[in-house]
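Mind having a look at this structure? Questions to follow.
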Amino acid sequence: MVTMDPQIWLAAFFTIAATSYAFRDNAVFKFAEYTFIGVAAAHQIVMGVKNIRDYGWTKIMEGQIIYVVVFVLGIMLYARFHRDYYWMYRFPIAFLVGNGVGISIRAAIHSDFIVQVSETARTPLIAGDAMGTINAIITFVGAVTAIFHFIFTQEKLHVGAVGWIPKIGRWMMLLAFGASFGNTVMSRFGMYQGRVVFLLREWLQVI
Amino acid sequence: MSIWEKLTSLPREIVMTLVMLSIIVPALNPLGLPLMTGQMSQDWYDTIDALPADSVVLFDVGYGSGGYPSLGPGNIAAFHQMFDKDLKIVIMATSLEGTLMYPLVMAGVNPEGNYGAVYGEDYVFIGYIAGTQTAMAGVLGDLHDLVTNDYQGNPISGMPILDNVGGADDIDLVAYVTTSGDIAEGWVYQAYSQYNMAVVGGTLSMMTTSIKPYYDSGQLLGIMDGIKGAADLEFLTGHPGDAIVSSDILTFSQTLVLIFIAVGNISWFMTRKGGSS
Amino acid sequence: MLINNKVKYFIVIHFTYKYSYSEGKTMAILTEGRIVPLVALILVWVAVYIAINMGKEGKIKVRRIAGLDAIEEVVGRSVEMGRPVFDIIGMGTFTDSYATQTVAGLSILNYVAGLSARLGAELVAPQASVDVMPVAIELVRDAYSVEGKLEELNVDEQLPYLSGTQFAWASGILGMAARRKPAGNIMIGPFWAESMMFAETFDRIGAMQVGGTARTYQIPFFAALCDYCLIGEEIFAAGAYVSGDPSQIGTIASQDWYKLAAIALSIVGALLSTVGVNIIAELLAW
Amino acid sequence: MDYKRDIPLAITFLVGVIAIGDYYTGIQAVTDTFNIIKNWGIVLQGFALGLGAVNLFRVHGKRISARKEGTDWIFSVVLLVMLAVHVVIGLITGQYEQGETYNWLYNSIYLPISSTMYSSLAFYMAYGAYKVLRARNFDAALLFITAVLVIIGNTPMFPAIYPGFFHMREWIFGPIVSGAYRGVRIGIGIGAVVLGIKTLIGMETGYLGRR
């Protein structure tokens, strides 16, 4: 039996509306899309206000008057939309960018560069068994040739006999991208089946 | 127009309808095919299994409704295992919609009913914190300096679970489930590189290849690879749910995709042979 | 089995770390185990300075990327066929984390506009971002005026604003492609799920395509469908090559030095550890 | 000196260097300062969350007042109404997203659209796999091989018939993916670090906006 719950009916309508784009662009889809953008922005505001209350306002209430500065900086963000006071927006954004960049690159050099290089450097190319050796060599060749492919300012590294190295890198990457493509297929179907199950189970109640 | 020419350009409506059917039919008539567990999810499971009871896990709900169909089941399975092992779970959200995913997940886990867990003693949800990596660094740095209330505004002082949790040194494992590359990398940066913590991560299958290097070097101890990883976890924890149901659907729909690939290639090859030479 | 042992090993290490190091894990000034990363970070700074200065003096050459020749071919083909050429730079903005990809896309747009003006092709470059659009218009106008063909440019027709929302933007492009039947399509910049829709549609109408993005998830679609695909950082090199901007060129050179170091350390380290000497990994753990 | 540009550049540099100093040094004063920066940053991010909405009001407000482009302006009205309704309901109760009405609306409107919007790309994946995944040249052939093998390994039926299909998939995710993606990861990592350093030292100023 089909459900009588208006919430499920609404959800079913929007599920079908959002799917319809796959067949053809249409007004119902547009309605869903613009609703989506509007509600997403609204949710950001709601969560933003809650965040400001929980992590800023409570601090002022506790007597940490210094947080008034943060509120002033926060309001300055909106100067961005003013023709003449536009530049005031740069102070808080500079703070956010400095913090964001600092907090991420300080660890990125370790996580993405040193640990990865070190992992390549400490793995022996000969393992206990033949398969292990083959795997170790493929991994090593893939990593080194892929980096090689992305060297652009050393022209002599891309001609003659060494010119094969970046080509191998490109092929190794394409093989890996193929695996990524295959997994993306699963990712999308894994998501969409959840919506179909919702329609069949909650809305039509046939399973 | 030859048969090959027709097959090389099937109208999209036909393709879409067949895809729709390939999802609906198995949903109505599940087959219950066996599953093989991947190494990445096995490692996720083993990592949590190796933790002694009362270890503290920091769990990040880093996805929203867009990722829920793929990641929600895995999140539920992960919580089943953690509650089953009597771990203390400190839950947070770096995703804007995390606080709305939390009730959906908890409805599936039912920690009070299934495990006798008590909110505030065995688990707590400190809600959404803005700033992604800044939020991670904040919680791992000095939790009590940053957070004063849980997601519903109740003060966290006096909650036994948080009495002994001040920051990274008191947390034994960081686990996250996310749709965002910034969050997936961020925990490796902030927890592994900063504090040498044990981290496990769950992502959409399409992101798995990009974070795989972290797993190879031990920066991530396990990966939950989207809906497949979720099905693995449901199987390993013995709590079958939506993900295992989905594997039958995947069988049908991906087989259809494979047929399309075959038809596409053969017909393309045949028409090219006939046309160009 | 090996990997399972790895997990257990890390758990053990983690707990040992937690209970033994937690009291005195920092030395007086520098934190243990972070000396190499700090030195590496400071050297990036030095490298950027040196490389940009070298770039200004013209000492650095970025190699020509194969895809750039293909772009010339695309534009030439459109002239021959008398149909327009599309250049799509994606829907990135200057404030998101893909800004550098947008900049690379703009450099390419400038290059394509120059070629189109010179060879007489009709360029169409739909826009998605209100931030980026004025810059794009400026660049295209510059390119046309360098060639002395400014009067041939119709900004409203050739650089229309479609939409900043993903699916509206996608369907706008698909509609334009179906109507205008371009002979060529160049897509360089940040792309999301729309990449496949674009690549597939332009392929179907018979356009020759050059695609490139540094968003790795989308590369498979370009690699499979485009006649030439720029993978990842190739788009930055291509952008720097055509723009000749010393800052961009210097950035690429400084990254190259680190990549060369990574290759050298990997090769030496792997060979040494094959014979049982693990010195490189130990050094990097400082 | 142009204080409208130079002071922000100095702020970026200072804040960034303190963040880096916190990681690399054991100096207590730096760590304490950075703790304050972190907490401020979290509040400021909360303020920044409203920027998108203001932009939407500007763009769609203009579109509504112009009323050109056929009937598209009606959708702009829909957008702004939905935005306003959700904000009012979220804020008026004082319970934010935990409010009962807000939750109800979220689960019946936003959740279904959002989770369907991206997942309906599955249809494109199928159509794409059919039109795209053709071994038309050497590059595409390489992609084709691993993509097909991974899809086969991911489809539970095939490993159920012959487990080797799954082991093949696992092997591809072993050396092939590990090697190439490690190279890609190192490249991305160093690229991000160089860009970050350029930002801190004021050579990359795009975030400051127009001059």
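Read from first to last, the chains carry the letters A, B, C and D; within each, the first residue is number 1.
In the analysis below, contacts are C-beta pairs under 8 Å (C-beta built on N, C-alpha and C of every residue); 3 or more make two chains touch, one makes a residue touch a chain.
The structure presented is a predicted model; accordingly, all values stated were derived computationally and were not measured.
Which chain is in the middle, if each chain's centre is the mean of its C-alpha atoms?
Most central by this criterion: A.
With contacts counted as defined, which of the two, A-C or B-C, has more C-beta pairs across the interface?
A-C
Hey, which chain ends up farthest from chain B, C-alpha centres compared?
C
Approximately how many whole Å separate the CA-defined centres of chain B and chain D?
Their C-alpha centroids are separated by 17 Å.
Which integer distance in Å separates the CA centroid of chain B from that of chain C?
Taking the average C-alpha coordinate of chain B and of chain C, the gap between them is 29 Å.
Can you tell me which residues of chain D touch two or more of the remaining chains?
20, 23-24, 38-39, 41-42, 45-46, 48-49, 97, 106-107, 110-112, 114-115, 117-119, 121-127, 129, 131, 133-134, 139, 143-144, 147-148, 151, 154, 173, 177-178, 181-182, 184-188, 190, 193, 197, 207, 209
So which bits of chain B are touching at least two other chains?
As it turns out, chain B has residues touching two or more other chains at 12, 16, 39, 66-70, 96, 99, 129-130, 134, 137, 146, 194, 206, 208-210, 213, 216, 228, 250, 253-254, 257.
What residues in chain C touch two or more of the other chains?
34, 37, 41, 44, 167, 204, 216-217, 220-221, 223-224, 232-233, 258-259, 262 - these are the residues of chain C that touch more than one other chain.
Work through the pairs of chains, note which ones touch, and then classify the graph as line, ring, star, complete or other.
Here the contact pattern is complete, since every chain touches every other one.
Note which residues of chain C are touching chain B in the complex, please.
Within the complex, chain C contacts chain B at residues 3-4, 6-8, 10-11, 14-15, 17-18, 22, 97, 204, 216-217.
Which residues of chain D touch chain A in their complex?
Counting only chain D, the residues touching chain A are 4-5, 7-9, 11-20, 22-24, 37-56, 58, 75-76, 78-87, 90-91, 96-97, 102, 104, 106-126, 129, 133, 139, 142-151, 153-154, 172-190, 192-193, 196-197, 199-200, 207-210.
Would you pull the chain A residues touching chain C in the complex into a rising list?
By the definition above, chain A touches chain C via 21, 25, 29-30, 33-34, 37, 105-106, 109-110, 113-114, 117-126, 140, 143-144, 147-155, 158, 170, 173-174, 177-178, 180-181, 184.
Can you tell me which positions in chain D touch chain C when the two form their complex?
Listed in rising order, the residues are 20, 23-27, 59, 117-118, 121, 124-125, 127-128, 131-134, 139-140, 143-144, 147, 184, 186-188, 190-191, 193-195, 197-198, 201, 203, 206-207, 209.
Where on chain A is chain D touching in the complex?
Chain A residues touching chain D: 6-8, 10-12, 14-15, 17-19, 21-22, 30-52, 55-56, 59, 67, 70-71, 73-75, 77-78, 80-81, 86-87, 89-109, 111-113, 116-117, 119-120, 134-136, 138-147, 149-150, 169-186, 188-189, 191-192, 194-195, 198.
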